[in-house]
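Note that chain A is present in both complexes that follow, paired respectively with chain B and with chain C.
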Partner chain A sequence: MSALVAGMDIGSTTAKCVLLEGKEIVGKSLSPVGVDIVKDAEVALELALRDARRERSEAAFIAGTGYGRYKVYFGQLTVTEISCHARGAHFLFPGTRLVLDIGGQDTKAIRVGSSGEVIDFAMNDKCAAGTGRFLEVCANALGFDIGEIGPLSLQARHPLKVTSTCTVFAESEVTSFVSRGKEPKDILAGLHASIVSRSLSLMQRVGIEPEVTFTGGVSRNEGMVLALRRRLGAPVNVSPLSQFMGALGAALAGQARCEGAAA
Partner chain B sequence: MITCGLDVGSSSTKGVLLEDGRRILGTAIEPTRGNPAAAARRVLEVLGEEGNVLTGDIDYVCTTGFGRSGLPERDLQVSDITSSGRGAVFLFPGTRHVVDIGAQSSRALAVTETGKVTRFKMNEKCAAGAGRFVERCSKYLQVPIGAMGPKALDAEHPRLISSVCAVLAETEIINNVAEGVPLPDMLMGIFLSLAQRSHALMRYVGIAPEVTLVGGLVHNPGMVRALSQTIGCPVNVSPQGHYAAALGSAMLGRARKLRIEQGVSPSAAVA
Partner chain C sequence: MTGAAGAAPPREGDFLDSGRELQRRLVEEYYRGLAEAGGPQRPVAYMLVGGNLTEIVRSFGYEVVFPEIVALNCAIKHRSLENILHAEAMGYGLDVCGYVKNDLGLQDLGGSTPFGRIPRPDLLVCSFSGCYVYVKWWEALAESYGAPMFTYDVPYLREEVPYKEDIQYMVAQLWEFVHQLEKRTGRAFDMEELKRVLRETRRAEEGWARYLRAGRLRPSPIEAYFEAIFYMFPINVLRGTAQAADFYDVVNAEVERRVREGNLPLPEEKVRVLVEGVPPYTNYRTFWDFFRKWGAVSVVATYPKVGGLFDRGFLHDPARPFESIAEYSLGAYVNQSWTLRRKLIQEYLREYSVDAVVIHGIKSCRSFTAGQGDLRDWLIHDQGVPTLYIESDHQDPRYFAPAQIKNRMDAFFESLDQRRTTKAPATEVAA
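Presenting the complex of A and B:
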């Protein structure tokens, strides 16, 4: 019987935890991250254990990733997000050769080898443009919830072009579109297209090769998925677990370490 | 001869009435509010009252700034780079380097003793390093924009901001608030971060004394201290520095008008 391994991805806005037993995900959790990252990480683990109806003592190994990974002091292993996303994507879609991960405040394009290893990556963590934050700020400016904007953007009939790269300037551009009587759905389509453009330039830096797997919180946005598909002219893998890709990768790394130790 | 310079910026429109290229008869500032023509006309009106000059007595109107082509009745328009160089040298004749921080863009200029720009570098793509960043900080720290500078001077251990991006910096500042970092330390950190952005542009152009700061931040003593500390030399500041580009465009308008009067073809008139 294989051991129960926890993978934790402590991001800038949310903490994700996946419990893996063999090839099966037996529990998971998604919870907010505030100022007290240590406590939020504990909570994420507890929630996942409750989801799996398991006890803390049953978890044989805990691996952490994400920007707050060093705060998972109760874990035995920390792994970079890049390798976790590659591992996680490969686990769910073995044909993955390129991972696009758009998170709350950074975006990564990762070239992946046939066994899920990282070949190359490009990352933007310096600027909010092209990240989930960009969508969040602009959705707020339009008075929408982040969950509403994707479906709405798909209804656009006359998509607008957002010319500003900077999130702050794009926010003003959105406001000026509104004052000129433009439809929110057309503005939203423009905002989604803008993120796709930014992502594409990151992806081109590592080389675009099918299959492309889209992960991170922003991949939950169907407007983004469709805009990306159209722009690439190719299918894009998206999993309902896409937000858990980092945590899953961490669990897989933890599992590999466990098996290595046992062998 | 009375010339008027109007600097139609993204946030505010500034105007200067200049007599014979030497004497400032009046200055005025009004918010642009997305309507350059209306703002420019309001400024013209205020200038007329303040300078006691009838609109008909203004010999030449020269516009500059991002909305410079928005006023149909202008006589001439010049780039904001050319005009802020001239204006800065008018205010401080020893100026060889100008830092111009606007609401949406910032630039560094190397200038000659006549105010001619020989080299420049500009950032208009990103809000980091622009006045807009300060406006946003004022909003979420709930400190009136005019109080930020004086308060920053009380900083004992300025809290530097590691994020370059204005949006990501916001999160960082909010974390600092949660951590209980004293307000003056946060404010000085904000100005030091702006100064670092400016310094990057300035180094690109090459820094030579004297350095003159122009734009809305001249009224902010925190920014002035942060800038001179960061670049390691004193910075000229004048209360009229906010009007440098408007002033420069009034000067350039006068130069053009003089040449036209001397019979030089208008297209060759602005050097």
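Presenting the complex of A and C:
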């Protein structure tokens, strides 16, 4: 019988935990991250265990990833989210050769080999331009919840051109569009397109090759998925587990470590 | 919890011994000596590192100050930001070179550093004209101090063998420079003294080159980036003195001892790295830790060659003083085209059995950094060498984001580890 392995992705806005047994995901959790990251990591694990109806003592191995990975003190392994997203994407979509991960504070384009290994990667610079935070700030500026903006952007009839991907400047630009009476759905379409443009340049940096798998919290936004598909002119893999890809990858790395292979 | 890299490595300086100790002493003595320099008895010349004319000014009795080196010394001591902020308050913009702002801020604040006070210049020698910002920096200093300025116009090197017209043009400038120095100091030019200085220079260059070539050994007994940066001080600041030449004898004896005793930069050399680019001096040790954690040793680096590519065979020649100084200035790493820089890196990859390349770009200098993105692509796609490009700054700590840089470096070394074990086909690596 396979060991129960926990993969924990402690990101900038949410903590994700996946419990893996063999090739089966037996439990998972998604919870917010606040100022006490250690506690948030504990909570994420407890929630996933509850979801799987398992006890803490049953978890044979715990691997952490994400910016808060060093706060998973109770784990045995840390792996970067770049490797984890590659591994997770390859697990769900074995044909994956390029991963686009857009999270709360960064965007990554990852070239993946046939075994799920990272060949090359490119990331946004050290500001939150063109990330989930960017969308969140702009959604707030328009008075919407983050979950509403994707579907709304799909209704746009005259998408506007948002020139800035700087979160602060884009917020001002949104305010300016609103004051000029522009439709929120048209503004939102422009915002989504600007993120896709920025992501595309990162993807081109490492080389675009099918299949493309879209991961991270922003991949749950259907407006983003459509905008990306349109720009690429090709299908894009998106899983209902996209947001858990890092945690899944961490669990897979944990499994590999348990089996004596390189994490 | 441990990362995939395993246990924490030993402390950064554990393998360093007499060479590092002597280097520290030389730095202290140099800055102490500067405190009394300046004026007609011991005039001070400010000079730039690239293609510098140290030997000529030394033959006239000048003390040499390299503001770039003073600036990087301030940065490594975490004193650059206050100078930079002061320069910005003076009106220098965010995107002006960190060397320039660090130095101009320092000068305006009185020239006091953690290692002593920097004397005013009696002469400004703009020895590298490839960077227009540097020319403007020197002009600002000239205006501020009312000191005379000599601009040495060095043509850009596009082909391996320099044009003889370029050499003639530069030799003519060197004679003009010598005549100016004769007028300013009231001393006659002494060719024998210049040749004597050049003999010391050559001895130091030979020692420095021997040290750098030790990186070819496997495992490498030297850290060709992080350690070599300490040892650049004598070859750049004290070149032409017996102190500099003797220093490399001490260092090379230490390197031989390391090989004999197995006292190496890391207990296990897992990855042999070539590093390109100016280091983030403000977070130098943190950056080094990011390598050491993964068992990565820099066996060769391009940055320590900014003061001269002596490891490639060039040495000042006392028998041809002016011509060899001109050849030296032309061949400075910063003065070379990307074609030549790429060729050099390609040779290093082979000679030093390099596994991976890390490029560190700096926000401050577009002229040095522009092209590094293409270099990365060329290394990955044409040379099949895993390459990481990261960016921060050499002087301004505001551009160094530790978490982000660490994340990229961890991911890079992690992927090398993973690819070694999954044995990814070479075509994929080079795709």
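The rule is simple: the second predicted complex is superposed on the first by the 259 of 263 C-alpha atoms of A that agree within 3 Å, B and C clash if a C-alpha of one lies under 4 Å from a C-alpha of the other, contacts with A are read in each partner's own complex, and residues count from 1 in each chain.
Criterion: a contact is a pair of C-beta atoms (placed from the backbone, for glycine too) under 8 Å apart; a residue touches a chain by one contact, two chains touch by 3 or more.
Quick caveat, the model's predicted, so the values are computed rather than measured.
When both complexes are superposed on chain A, chain B and chain C end up clashing with one another. Contacts of A:Ser114 after superposition on the shared chain: chain C is touched, whereas chain B is not.
Contacts of A:Ser201 after superposition on the shared chain: neither chain B nor chain C is touched.
Residue contacts after overlaying the shared chain place A:Val72 against chain C, while chain B stays out of touching range. Within the superposed three-chain arrangement, the count of touched residues of chain A is higher for C, of the candidates chain B and chain C. Within the superposed three-chain model, A:Gln155 lies out of touch with both chain B and chain C [touch as defined at top]. Look at A:Val168: by the touch rule set out above, it reaches chain B but stays clear of chain C. In the superposed model, A:Ser176 lies in contact with chain B only, and not with chain C. Contacts of A:Val35 after superposition on the shared chain: chain B is touched, whereas chain C is not. When both complexes are overlaid on chain A, the residue A:Asn140 reaches neither chain B nor chain C.
Aligning on the C-alpha atoms of chain A brings chain C into conflict with chain B at a single listed stretch, 80-88, out of 80-88, 278-286 or 350-358. Touched by chain B in one complex and by chain C in the other are residues 126 of chain A. Within the complex formed with chain B, the residues of chain A that make contact are 12, 35, 105, 126-129, 133-134, 137, 165-169, 176, 179. Of all residues in chain A, those touching chain C in their complex are 64, 67, 70, 72-83, 106, 113-121, 123, 125-126, 207, 209, 253, 261-263. Contact residues of chain C toward chain A in the complex are 1-4, 380, 386, 391, 401, 403-404, 407-408, 410-411, 414-415, 417-422, 424-425, 428-429, 431.
Listed in rising order, the residues of chain B touching chain A in the complex are 34, 104, 125-127, 132-133, 136, 163-168, 171, 175, 178-179.
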